[in-house]
Structure formats: C-alpha cells, structure tokens
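In the two complexes that follow, subunit A is the common piece, with subunit B as its partner first and subunit C second.
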Partner chain A sequence: MIPIGLSFQQAPPISVPFRFFLTAPLFLLAAAALLFAQGPDLMASRHSAAALAATHLLTLGFTSMIMCGALLQLLPVLGGVPLAHPVRVAWLVHAPLVAGTICLAMAFMSGHALFFHLALGFLSMAFGCFGLWLVGALRKIREGGASIQGMRAALAALTVTVAFGLILAAARSGGLAIPYVPLSALHPLWGLGGWTTLLILGLAYQLIPMFQLTAHYPVRMTSRLIPALFLLLTGKTLGAFVPGSAGQALSIAASLGLVAGNLWFAAVTWQLLSRRRRKVPDTTLQFWRLGIGLLALSACMALLPELMDDGLPESWLLMLGVCVLPGFILCVIQGMLYKIVPFLTWFHLQSAYPGLGIVPNVRDIHARFHADRQLALLAVAIATLAASSWFPQLARVAGLLWMIHAAWLEINVLQAAHIFRRVHRVARMRTAH
Partner chain B sequence: MSRISQYLSAEHYQCDTLFAEAESAVAEARWEQATPLYGEFRIETEQHFRREEEVLFPAFEQATGLVGGPTEFMRGEHSQMRRLLSRLDHALSSRNAEQFLGEAETLLTLMQQHNLKEENVLYRLAGQALAGETDDLLEKMQALEAQA
Partner chain C sequence: MTVDLTLDVRDLEPPEPLEKVLEALCVLEPGQRIRMIHHREPHPLYPILQREGFRHDTHFTDDGIFEILIWRSPSR
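Moving on to the complex of A and B:
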C-alpha cells in the first residue's frame, strides 16, 4: 500500500533546477541577437534559416530548458516521488540539451549536414534521458491528479514532437525523402500545442489555485480537457495524411476543437484569477494574465487559416507564431519562474540554516527583480515583434528590446544565485567559528 | 477522497482565506482589522498543526511503521512555519507592514507547497491506512478544537 522509499525529503539540490534556469535566458538572448543581426531577413518567412534557428533557440534553449528544470524540481513535490540521482540526471539532460540547441541553430544558419547530425545525436540523448527519467517517475505515482495527467500527455506529445523533429532534421541534412510540408506544420503543432501547452495546463490546474488562492478549476475541465486536446492533435495529424476531402474535414474539425479547448482554458483561468481570494498585488499574476490574454488572441487568430481556402499571408502566420511562443508561452513560463526562483533560494537556505537571521524572504528577493517594469518591457517587446511581422523594418528594434529583456532576466536569476552563495558562505564562516 | 482528507483539506482552505484577509488588511494599513484576522488565522493554523502532530501522524506511524519518514518531514515544515509565524507576530505588533508582507509571502509559498504534499500524498495514504479508525480519529481531532 505504501510506496517503498516514500519520503518528502526528495527536493533535489538547488544546483539541479538552477543550472537550467541560468542557461535558458542566454538562449533567449542568442535568439534576440540573431533577430537584431538579421533584421527584416529573419521576418521574411517562418521557414527562413534565421527564423528556424531563432525559433529553436527559443523552443529548445529557453522553453524546454526551463520546463525540464522545473519538472525535475516540481515532480517530487507534486507526486511525492523521490528523484533518484538528481545531479546525474540533470547533467545528462542539461549538457546535451545545450550542445544540441547550439548545433541545431548552427545547422540552420550554415546548412552543414554535420551540424544537423551532431544536433540529432545530442538532442536524442537529452530528450531520451529526460523522457526515461520522467516515465520512471510517473510510473511510481499511483494516484495521479490532473497535473500528473498533464505531464503524461505532455511527455507523449514531446515524444511525437522530437520524432517529427528528428525526421525533419534528417530530411533537411539530405538523408531522407519525406512528406516535408505536413511534417513541418505538425512538428510545431505538437511542440507548442502539445508538449508545452499540455504541460502548462497541467501545472496551472495545480499552481493557480495554490499560489493565487483561487477556486479550483472545474472538474469537468481538469478531467477532460487534456485528453481531449491530445485526441484533437492526433486527429489533426491523421487529417494531414488522409488524402482528399475526408482528411481536410478531419483536419478542420480537429482545429476547431483545439481552438475551442484553448479558449475554454483561457476563459476559465481569466475568471478564476479575477475572483482570487488573495487581493495583495502580485506581478507574477500579471505575467499570467498577459499570457492568457495572448493565448485567447492566438486561438482566435488560428481560426482564420482554417476558414480560408486560399491560405493567408505569411505575415499573419508569423504574427500568430509570435503571439503563441514569445507571447503566451514565454509570459506564463516567466510568471512561474519568478515564483519558483525566490522560493527555492529561500527554502534551501532556510532548510540548511534554520537559526540564521540573514536569509532574505521571498519578497525581498523578488523585489530585486523589478518584475513590474520588466513586464512592461516584455509587453512592448511582444507588440513590436508582432508588428514586425507586417513591418519588417521594425525587426531590429524588436531584437534590441528582446536582448534587453533576456539580459535582464539572466541578471535576475543570477542575483538569486548570488544571494544563495553569499548567505551560504556567511553561514559556513559562522559555523566554522 | 477520504473523510480524514476532506476534514483536513477544508481546514487548509479556511486557513488560506483567513491568511488572505489578514494580508490584505495589512497591505491597506487597516491595522485594527488586521490584528483580529491574523489572530484567528494564527489560532486556526496552530490547531490544524496539533490535529496532525498529536492525532494523525502518530496513528499513521503506528499503522504503517513509517517512523521518521514523511510525517517527520511534515513536522519539520511545521517548525519552519512556526518560525515564520513568530516573525509575523513581531511584525504585526510593531506595525511593520513591509516586514509583515515579506514574511507573509514567504509563509504563503511554504504553506501552499506543504499543503499540496499533504493533500496529494500523505492524506491519501493516511485515508487508506487508517480507514478502520476514521470515526475515532475525527472525534479526537474535533476534541482538540473544543480544548483550544
């Protein structure tokens, strides 16, 4: 009845999540620098070499990097499962993810097959190790709530995303003849609409009521939405390969379902946040609000391509991509990060040195981030990037704004790490005397 | 959800509500209201800790043989929260809003992740392990309320 080895003392060392959190903003900075350097050329098409490189610096280097770090930290807490060999797992995921992301960006920019092959190797290793760890951990959780269900679905979606990505990379490096067009649309669909969104949904079910003191998400949503979205993604995938009008009808029906599901989640989250019991201002909440607003906007924008027979201008699709990735996903992730980082810093110090009077509280640490001003910068950066889909001459300005934003984020995480090291050093000196 | 889990989870919810009201009152410098609200939160929280430490945890340890495991870790987090509560007492008595809000935000985060572990794991296990003793345990927990 009792899982063997059940222990709550399973929080991994702070170095495990922090290595991911400290690295991720550097990839955001690299993507922004690429946008600044390439300017209008990058915004010419979603499939330009620079746009693909920047997108993967974001999805792999930033989003997946933070999500892996957060899951290594959160899963033991959410599921009560100890993390075996946390530092080793962190090394086996982090190092190849860093190397694979760099190689893939270089592969897109240079077109050299060697970089594609290296990226394939490193990324397979990173996601393979992470996936194996996650499967092992999820198997030990006997009674999964909606968050655990979200993680299971997200892991399955990650597997599909990586598989499509590996096939596309093999094709691009010249080794494989495949139906490139449908796969190049399905790969981001599973990555953004599956792996990332399903995980965000699962975490939101747990974290929004917990930290914002809202009511719980309705059970009819938490029990059905994630499986429904997963099925719809599968339907959309099948629709892409079924020839003729049947395939097209399936694809459109699945898209409409995906739009409706995401809008439902956005509407319920917005309503919960506006009726929260905690009234004290909280900037992380504003990151969520901006993100959820952008999710609703993206869902409405995604309807149009389905309803138009003749396709839409590339600018529309680029703007949609901006609203989803640097918009919705980045806002929500940053909102979570600014909650997790100060708490982890405080928690690890407080647990190690309970009697020490110099551990700053989470509000003191958070205050150094100037998160409200950063949120304003982020909103302007998103708007400028979205506008540069239509007015590419704005691309360099957008790149510059995103570089400032990324550097600021990195400085903030570094500040938390610095506080941790400083207090740790003082505490050790005191205990030595 | 077992009845033990329902009872103790409802207390978490009640404590959260009182916490949010006290925190808002301090943030808006309504000290006359903040003091009784915080006082009520303090009493409810301490009663909840005692129900777990004096009734649930010993029964769970006896039924499962898991001594020094999850219950011990939960007791450790209760101690961390009690330290924060005494800092909040001090901030409230000296009407230091900045210190109060800082400690309160820290307590909220610690309290929420603690409640999550209890509700997701410990209460479920306790509900299974102590299914035959539910009435007796609930009675003992309610008796603590009467004593307080």
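Moving on to the complex of A and C:
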C-alpha cells in the first residue's frame, strides 16, 4: 500500500479551525463551573437538569465544536478537496453552534420553552449547514480511504443523534408525546458511540500511524470495524422498538457486538502505540493511552447493565458516563488537539514566510503548553469526577479541578494563536522594509 | 550529479521531515543534490520546492519507501 500524503494546498485559512479550537475550552470551563456551582445536586442523576446542561455543554460546546473545526481543516487535506467559501462556512456553523449550545444549557436549567425553541433553531442551522457542507465535500472524494469512510459513518450517526435530540427537545418543551425512555437512551448512544467514536476511529487510522510513527492499522480492521459498529448501533436502535423478547435479544446481541468492537479497537491501538518506531517521550501519546484505557474500561463497564436484570445503581451509570465522555473522548480529543494546533500554527507560518527564518519549530510551540503537567491534572480530574459518582460531596472539588484544566487548555490554544499573530506581524514589518 | 546529502526522515513525525529538508535547502549549492528518504510522499513539500526554485524527482522503491532527489533549478 502506498502511504497517503497530505494535500496542504487545499487547507483553509488558519482562522477557520482556530475559531472552533479557541471557543471549545470556554464551554468546558462553563460545564466545570456549573459542576462547581451545583455540587452534589448535579451528580444526583444523569437526568437532573444541571447534569443534562453540563453534558450538552461538553458534547456540543466542546466535543462537537472541536470535531467540526478539525473536519473543516482535515477533510480538504485528507481528501484533497478544496473547501468552497471556508470562512463563510465556518461562520455559518460556529456562530449558531455557540448560540444553540448556550440556549440549550439555559433551557435545561430554567425549563423555559422559549430557550428550547431557540436552541432547536440554532442547532438545526449549525448542524444543517455543517451536514450539507460535509455531504457536498464527501461526494467530491472519489477514492475514500478508511478515514473518509469514518467521516461518512460519523455524519450519518450525527444525523440520527441530532434527529433524536430535536425530538427530545420538542417533547421536553411541551406538546409532543414520544417514547421518552428509549429515545433518551438512544440519543447519547448515537452521539457518543456513533458520531464521536466513529469519527475518532476514522481519524485514528490516519493520525496514529502518521504522528505517533506506528505501523498502519490492520486492513481487516480499517475495512470492517466502522461499518460493523454502525450496523450494531442500528441493531440496538431497532431492538429498542421491537416489542418482547425478540427486541431484547437483538438489543443484547448488538450491545455485545459494540463492546467487542470497541475493545478490539482499544487493544489494537494500545499494541500499535507500544511498538512505535520512535521511542522518545511524547505527552500526546500518554493522552491517547489514558483515553484508550478508559475506552476499554467503559466497554467492560457497559456490559454489566446488559447482563443484569435488576438494573444497576445510578452511581454506576454516572461513572460509566464519566469514563466515556470526560474520560475517553476528552483525553483522545486533547491528544489530537495538542498535535494539530502546533502543527497548523507552524505550517501556516512556514507556508506564508518560508525564507525569513522567523518561524518557531513545532517542538518549541508544543513545549510552551506544559502538556505533561496538564495530563497529570486531567487524570486527577477524571478520577475525582468518577469518584464523585459514588461520593457526591467530591463534586465541587472535581468542578474546581476541571475549571483549572479548561482554563489551562484555553491559555495553551491562545498561546499558539499569539505566536501566529506575533510572527505574522514581524514578517510584515520585515517585508515592509 | 552526485548525492551530497542524505536525509533519512522515516523516524520523524510531521512536520519534522519538512523542517529538516527546508533547513538543508538553505545551504544547498548549485550542482549539489539532496536525497530524502521518507515512508510517505511529502506532498506539502512540492509547491515549496517549485516556489523556491528547486526541482525534484520522486521514486517509490520496492522496499516501500519514497526516495526524493532535490536539486537547485539551473535557471535560478
């Protein structure tokens, strides 16, 4: 197999991804502040108003924000398809996503139907624009590798997630009678296990071998796992609506398949990372290891509710949620972010000012992040949050730790943006003389 | 034309291969050549080479690696 190179002539301006990367930590900070303010009340139930608000600040404001920004940057580069009107598309996705996330959090906290309606409008616009752009871009790519396949599946999963979310929001704001229990379980399943995880898989196939200098993922995994997981999610959804023991059997079989698939990905990724060619310390590798470890733990934990008839305590389900979202997903996204942000800063400067000798190298930019210390803080913050599922009196401590973590992340992305602006200014002064 | 500098960048993560070759280009004299060994094709490098007045010749070898020969364009 001939390795695929990146086509950076197609890259959109740096302002396109950076507006998403600079905004996302602020929503993480808002979620942490909510946890700090609400304390044990937030950890009482996954369905408490504050828990739902904090969860959506994370899933929409942080995770989806970064994934949209990363896709707007990476799809033209990975697929070799230029992004038409990149700044306009970025505006049309970013602004309503910010507004919709704020409105939805306020809707959960206040219960006012108006905020739900506003959130529905803004989020429909954000994901509608993003989906239309993504469909158009993916149609232009003739030869789709495993990463492109992951993006297609992630887009389909996002559509299902948003559809379920809109129905739930319409029901919560009053008037619409729906089967609330299955939908409220399927919405996060498609959001976390579909849209987020399938995209992470697709990107990992490309980014892990490239940035961590590992062997490629086995073809039997890259060609089969993402379609298999998508089918299993569909099976799980059908199982929720088919009455009787047939539906239950379908649901359990799909869950077992999902657990096995995620464990397979975790095991192969761990093995690849352990055998990478370059044995120098790299903090982003540790972000990946922590994330992958938490994915394996979450997959094992998710088995138990399927196998037990009596149901599990709410604390168990809360801890499972912590291991998946602030655990696996946030660790892996941050591992990617700390590779992509210095790389983009360097690349855009190097492309603009190749001969001036004023562009700092990637290692210099990365060194300013003190990512190793931040990883330690993140691990403690995840552990404290997981513990507060059982001991809610720890919730405020967890909130404080997450606030420090989020502020630190924001400062790091701001530092990269500051370096870009400073070099840009110096270069303009030099060329003017 | 003989090869004057060999850059084996297979064990470097992006964008270090690009950083290394750009450093080498700065000191490349007319008539000298760089042989870059890479495990993937360095597409981002090509427009930079063209803009800065260099030529290149890329081979994909049987060993599954890319060999990129780079030299200064005689017309520049």
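Basically, the second predicted complex is superposed on the first by the 425 of 433 C-alpha atoms of A that agree within 3 Å, B and C clash if a C-alpha of one lies under 4 Å from a C-alpha of the other, contacts with A are read in each partner's own complex, and residues count from 1 in each chain.
Following the convention adopted for this analysis, contacts are C-beta pairs under 8 Å (C-beta built on N, C-alpha and C of every residue); 3 or more make two chains touch, one makes a residue touch a chain.
Keep in mind that this is a model prediction, so the values were computed, not measured.
In the superposition on chain A, A:A432 makes contact with neither subunit B nor subunit C. After overlaying the two complexes on the shared chain, residue contacts for A:V219 are found with neither subunit B nor subunit C. Considering which of subunit B and subunit C touches more of subunit A, the answer is B. In the superposed model, A:W346 lies in contact with both subunit B and subunit C.
Once chain A of one complex is fitted onto chain A of the other, the partner contacts of A:R278 extend to both subunit B and subunit C. In the superposed model, A:G145 makes contact with subunit B only, not with subunit C. Residues 2, 6-9, 210-211, 213, 277-278, 343, 346-347, 350-351, 354, 361-362 of subunit A are contacted both by subunit B in one complex and by subunit C in the other.
Listing the residues of subunit B that touch subunit A in their complex gives 16-17, 19-20, 23-24, 27, 64, 66, 69-70, 73-74, 79-80, 83, 101-103, 105-106, 108-110, 112-113, 115-117, 120-122, 124-125, 128-129. Residue ranges of subunit A in contact with subunit C, taken from their complex: 2-9, 210-213, 277-278, 343, 346-347, 350-351, 354-355, 361-362. Of all residues in subunit C, only 10-16, 18-19, 22, 39-44, 47-48, 51-52, 60 touch subunit A in the complex they form.
Of all residues in subunit A, only 1-2, 6-9, 77-80, 143, 145, 206, 210-211, 213, 277-281, 339, 343, 346-347, 350-351, 354, 361-364, 366 touch subunit B in the complex they form.
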